[in-house]
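In what follows, subunit A forms one complex with subunit B and a second complex with subunit C.
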Partner chain A sequence: MPTSTANSATAIRAADVRVDASAPGKRRRIRSYYPTWFFIPAIALYVVFFAIPTFSSFYFSLTRWSLFDSTFIGFANFVQFFQNPQLYSSFVNTLIYAVITSGTKVVAGFFLALLLTGPVVGRGYLRAVVFFPVLISTIGVGIMFKSLLDPFHGMVNAVLGFFGLPEPGWFTDPHLALYTIAAVDVWKGVGIATLIFMAGIVAIPHEYFEAAKIDGAGGWKTLRQITIPLCRGATATVIILSLIGGLRSFEIIWVTTGGGPGFTSDVLASVIYKEYQAGFFGLSTAGNVVLFLLVTAIMVPLSYVLNRKQVEL
Partner chain B sequence: MFSRRTAARVAATLAGAAVFGGTLVGCGATGGGSGSTITLMAGGNDPVATKTANDFAAAFQKANPTIKVKVDTRPGGTEGDNLIKTRLSTGTMDDVFLYNSGSLFQALHPDSQLQPLTDEPWVKDISPDFKKTVSTPKGVYGAPWGTTFDGGIMYNKKVYAKLGLSVPTSWAQFISNSQKIKAAGITPVLQSFGDTWTSQLFVLADFANVSAKDPNWATDYTNNKAKYVNPPALAGFTHTEQIFKLGLMNKDFASLTNVNALKLLATGAAAQYPMITVAIGNVVQSNPAQVNDIGYFAMPTDSGEPHATIWEPGGAYIPKSTTGDKLVSAKKLVAFLNSPAGCEIQNKAQVPSGPYAISSCKLPANTPALVADELTYQNVKKTGLALEFVSPIKGPNLEKILIQVGSGITSGAAGAALYDNDVKAQAQQLGLKGW
Partner chain C sequence: MNRRRLRAWIVGVIAILVSVVVFLVPFAFVLLQAAKTPAEASNFAFSWPTRWVFFQNLRDTLTSNDGVIWRAIINSAVLTVGSVTLMVIISAMAGYVLARKKSKWGPVVNFFVLAGLIVPPAVVPTIWVLQGLKLFGTIPGMILVETTLGLSFCILLFRVFVRTIPRELDEAAVLDGAGPVRLFFQVVLPLLRPVIVTVIVVQAVFVFNDFAGPLYFLPGDQNVTVQLALYTFSGQNLSFYNQLFMAIFLVTIPPLVAYIFFNRQIVSGMTSGAIKG
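Then we have the complex of A and B:
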């Protein structure tokens, strides 16, 4: 799923740029090639599978809901959700996790892209290697790393132990678990970031680099003055996608630690899922509404700022 | 305006949709009509649950050639809970389904969702304790499925014999035994947080001791008057903490799984494991030669008078949506479970881990040794039901909280306070008064 989201996001961005460049201000007058009724099935699907569930979830977050019946209880679920003793730590964990994964993906993705668009031996192979983890299912990745990083029977600690190095409890040490998961998430997701950066770097006209070379700019200066600023569109896309992904990440945390040990790697999404598991459907829906509002509150201004800078460029 | 061609396309689309819809309706309608076929939902989707259900269906069909039984499976754990609630609330539940008794059963809203079985002939044979766990004031809804089992300490008898230890009754004796075991180079107490549910046993299996000390504890607890932060219930939390602090646990406690812990116990690499005795079924699978090396004792107490905590078996239920001929057949199937032929299948398919909850089923001769240990507590009447059968409140985060306590992240007292708070959420969701 992240693949398709990323692709469609880049596609939309590319389309926007094209429209902006060729015919500014003419967007509204673009006429559809299809008769209006052609859109009815899509609208019907959208209403049934997206609009109705979204709005009914706002209603159900105000009820005590047992699958058999529901009682309207006003904002009691939200009050209870915010009184959850694990809420604060899971909120902090969510932010730490989102910032770490998103930041690392931006930096690592950029340098990998730089490497893979440059003259490097075995470029095609390396590109495949970097992108490969994106193709595996998140659950599969989680299970794989859980066995690789098992503190007593895992391969990683066996190797560390062979060299006489300490053998940490990657997923079982409360101080380490969240960071280990973040690292696994980066391993899995950096390929998408790299791909987007590669597209951004390749799209920079070659003349700039030639001009820089003639002017005597070194590698570092070229990077700072040309590559980084002209990649801003790609950077914005990577930040937005990975931050959203980080804020609502769940699968990999659930598979590897289940939020544990104890509650030390719990994030908002796992707290919500646990409430659903416990049969607190109204409460868990309230949590989802909060998560939705949180992601929107962070992403809308951020995306506005990032995209405005892009236009100014 | 729509052109004629457009109108034709619309008509074709609508016709297509109608055919599609019709197919769906057709699917929903199959299975109606004659009452000669009923469905049975197994108690899970693991090999044992599936095989047991299939064996029952086959034996029942042999005894009742006019009735066919189709077996369905379902996921276990909370996923299964939610599936069952969904199927019940949409009126699509199987004609007979196997599910937990006690508080999980109460959460199904039995009076509005299940067929009462109060007048069935087998009801007189079930034990009073089990009857309570499948009943509401309005009636009895379930027949027992499987045997009862106890919570406490499973221990390796050979290790105890080798070190000359005797079964402890007080907590002090348990600690002193454990230290002797440690000195002998054997893991004294197993903890297996790789399966989070196993972290709860020091608390859950101590409940018979709590109710022995304060018979009203469960009622007070349900009414928001008794708390885990206070004695006698606090003991389970402080004991969990103490085992960690004294270094009496296996090193790989954070990642060890239940099945592997049982292997260590069976082979004598470890001596004691707070567990429910139903886990002996896994030992029968993995270490059949060592099954009888494993014994059981109730959770020791500070005062030295331990009581065994008993879990009642799950039940077989019939949903309200099953009526007419199917209801008659479904009732026959439920009665068959605890008939002589049904008891024989239960004895073969599941390892009996305690006495049956119905007098019509008898334990076979080759039960695991720990069942005899359990019976000694029953014979002297030093037993009590687990909390989930006497109160509807069980906080969803107990296992995580006890992992925190058991790994030294928080203290026992802080864990108990956290759990009292966790329980509040559950009580409020259930709409109990006084919370």
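Then we have the complex of A and C:
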């Protein structure tokens, strides 16, 4: 957000001025009241449970590994990973899934936010009901939709059948499973996107809308020329958050299809778990490294571009 | 003006109808299934139960499989309370110093905090580390892992919030003779209350709902969490769908209660954490 950046910038400047104005002796004393050892618990946890596993994963991905001893085998794990068409398809699925869920959340979240910040009857209720799925567990949501979308007994197909429409096997059709899961993911997660967009829309100063109205701009034009450009910060946040979530997605896939039917809805995270379960720890870690590289390769340039545009605004 | 009102009504009513179908029907379905007999529940029909056996199902669900759900609820409670407490104290300390102290290390620290948000955790090497520390498969080990996973988000929130607390307050406390520890715990920490509530609610919901973490780091029946129990339950008891849905309902109650009580806090915390971070 341009405004918040400006605020914190002035805050920092004011603080500097104050420190400079005070006597040198006092300045040193005040500084020592922010002890560096306050970082130690955070750094200790971060290093032990995050940094060490992350860095050692680069080594272990190059080994045949039993958790107790490891044999160095070079890039064999990665070769196996990309030679196996099923594993390769999980790589592609991860990308498809992340793009679909993230894109849908951006569009649906934006229009829901527009609706929920506008003059509409039952706004409080609508806000609550859209956000609630965010809070309930993915496992519960997965089981719920598995029952609702069951090809034989499920309620959705019963309704479709009643109107004489086709009754697809939502989670059992190989061509459909990944997209069904993506839809459930959007159902569960669109509330966060909506919330962020709502915050972005509310932060736009009223004068802009009034000026547009005086200039005779209609609803569509106001939306395109004012709301969408001025929501860029929120859009960037939603894209970044939902892409990270999409690329790392595991729980909803595991509980609904387990990567099936066959391997058609497998993503990197589910393959990593399967390899782990089968005892191929080195191979599993290699999958984790691929996921790490994929997320970094997408997120670092993307967040750089999105944030730069924000500054230009 | 009248036309605008009419539009607000029409759009609102359509939105409410759609929301009922899309969001409320699935929840109602769970609740109705949880009140049915096993035979009726396995039909998956969206219908009123012919015989209400809600409380009997509740008792059966809590006692089935040697009361595994009950044990899971206790484990999940310990895990959630433990890791959220640690998260609040540790990241408040780090976020506070990070916001106050200007040093050349700032950008480096920021880089690592952001990395913690973006980078997917290396799961199997984490198991290896936990085993080395003799903490694998234990609740304390799981608490430390969950705490670490939440650190980045919490530190970002605390850092943003500390900036809104005037420095004069620190100076006044110091002049009154407070040491660094007292300054933080007695002066600053109480002022952080709004953001602490946000962190508690958001992270408690997250830890309570986490499935992948316990799946990797808490194998075995003894330390089962509610999400794991729900997952195993859905694999086994295919003849007791009523109990499965009762379990889903039970597991949904804590977040529901948290939502009802802290609605505003969750909303403001999520947005400030997501946008200003």
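The criterion applied here is as follows: the second predicted complex is superposed on the first by the 279 of 313 C-alpha atoms of A that agree within 3 Å, B and C clash if a C-alpha of one lies under 4 Å from a C-alpha of the other, contacts with A are read in each partner's own complex, and residues count from 1 in each chain.
Everything below uses one rule, namely that a residue touches a chain if its C-beta (ideal position, glycine included) is under 8 Å from a C-beta of that chain, and two chains touch if they have at least 3 such contacts.
Only a predicted model underlies this, so the values are computations on that prediction, with no experimental measurement involved.
Participant: Does subunit B (first) or subunit C (second) touch A:G200, or do both, or does neither?
Facilitator: A:G200 sits against subunit C, while subunit B stays out of touch.
Participant: In the overlaid three-chain picture, which partner chain does A:P35 touch, first (subunit B) or second (subunit C), both, or neither?
Facilitator: Both subunit B and subunit C are touched by A:P35.
Participant: May I ask you to decide whether A:L67 touches subunit B, subunit C, both, or neither, giving the answer as first, second, both or neither?
Facilitator: After superposition on chain A, A:L67 lies in contact with both partners, subunit B and subunit C.
Participant: Under the stated touch criterion, name the partner, subunit B or subunit C, that contacts more residues in subunit A.
Facilitator: Answer, by number of touched residues of subunit A: C.
Participant: Can A:F250 be said to touch subunit B (first), subunit C (second), both, or neither?
Facilitator: Touch partner of A:F250: subunit C, not subunit B.
Participant: Looking at the overlay, does A:T172 come into contact with subunit B only (first), subunit C only (second), both, or neither?
Facilitator: After superposing on A, A:T172 lies in contact with subunit B but is clear of subunit C.
Participant: With the two complexes superposed on chain A, say which partner A:A278 touches: subunit B (first), subunit C (second), both, or neither.
Facilitator: The first partner, subunit B, only.
Participant: So in the superposed three-chain picture, is A:D150 touching just subunit B, just subunit C, both, or none of them (first/second/both/neither)?
Facilitator: Both: A:D150 reaches subunit B and subunit C.
Participant: Shared contact residues on subunit A for subunit B and subunit C?
Facilitator: Looking at subunit A, the two contact sets intersect at 35, 41, 67, 150, 276.
Participant: For the complex, which residues does subunit A have touching subunit B?
Facilitator: 35, 37, 41, 64, 66-68, 71, 76, 80, 84-86, 150-152, 169, 171-174, 258-264, 274-280, 282-283
Participant: Name, in rising order, each residue of subunit B that touches subunit A in their complex.
Facilitator: Residue positions touching the partner: 2, 6, 10, 13, 78-79, 81-82, 85-86, 88-89, 107, 109, 112-113, 193, 196, 251-252, 254-255, 396-397, 400-401, 403-404, 407, 409-410, 418, 421-422, 425-426, 428-429, 431.
Participant: Please give the residue numbers of subunit A that touch subunit C in the complex, ascending.
Facilitator: Residues 1, 4, 8, 11-12, 15-16, 18, 29-36, 38-39, 41-43, 45-46, 48-54, 56-57, 60, 65, 67, 115, 118-123, 125-126, 128-133, 135-140, 143-145, 147-148, 150, 153-155, 158, 187, 192, 195-196, 198-200, 233-234, 237, 241, 244, 247-248, 250-251, 254-255, 269, 272-273, 276, 281, 284-285, 288-289, 291-292, 295-296, 299 of subunit A touch subunit C in their complex.
Participant: Quick check on the complex: what are the subunit C residues that touch subunit A?
Facilitator: That would be residues 4, 7-9, 11-13, 15-16, 19, 22-24, 26, 29-30, 33, 42-46, 89-91, 93-94, 96-98, 100-102, 112, 116-129, 131, 133, 144-145, 147-149, 151, 155, 163, 167, 170-171, 174, 179-180, 183-184, 205, 208-209, 211-212, 215-216, 226-227, 230-231, 234, 241, 244, 248, 251-252, 255-256, 258-259, 263, 267, 270-271, 274-276 of subunit C.
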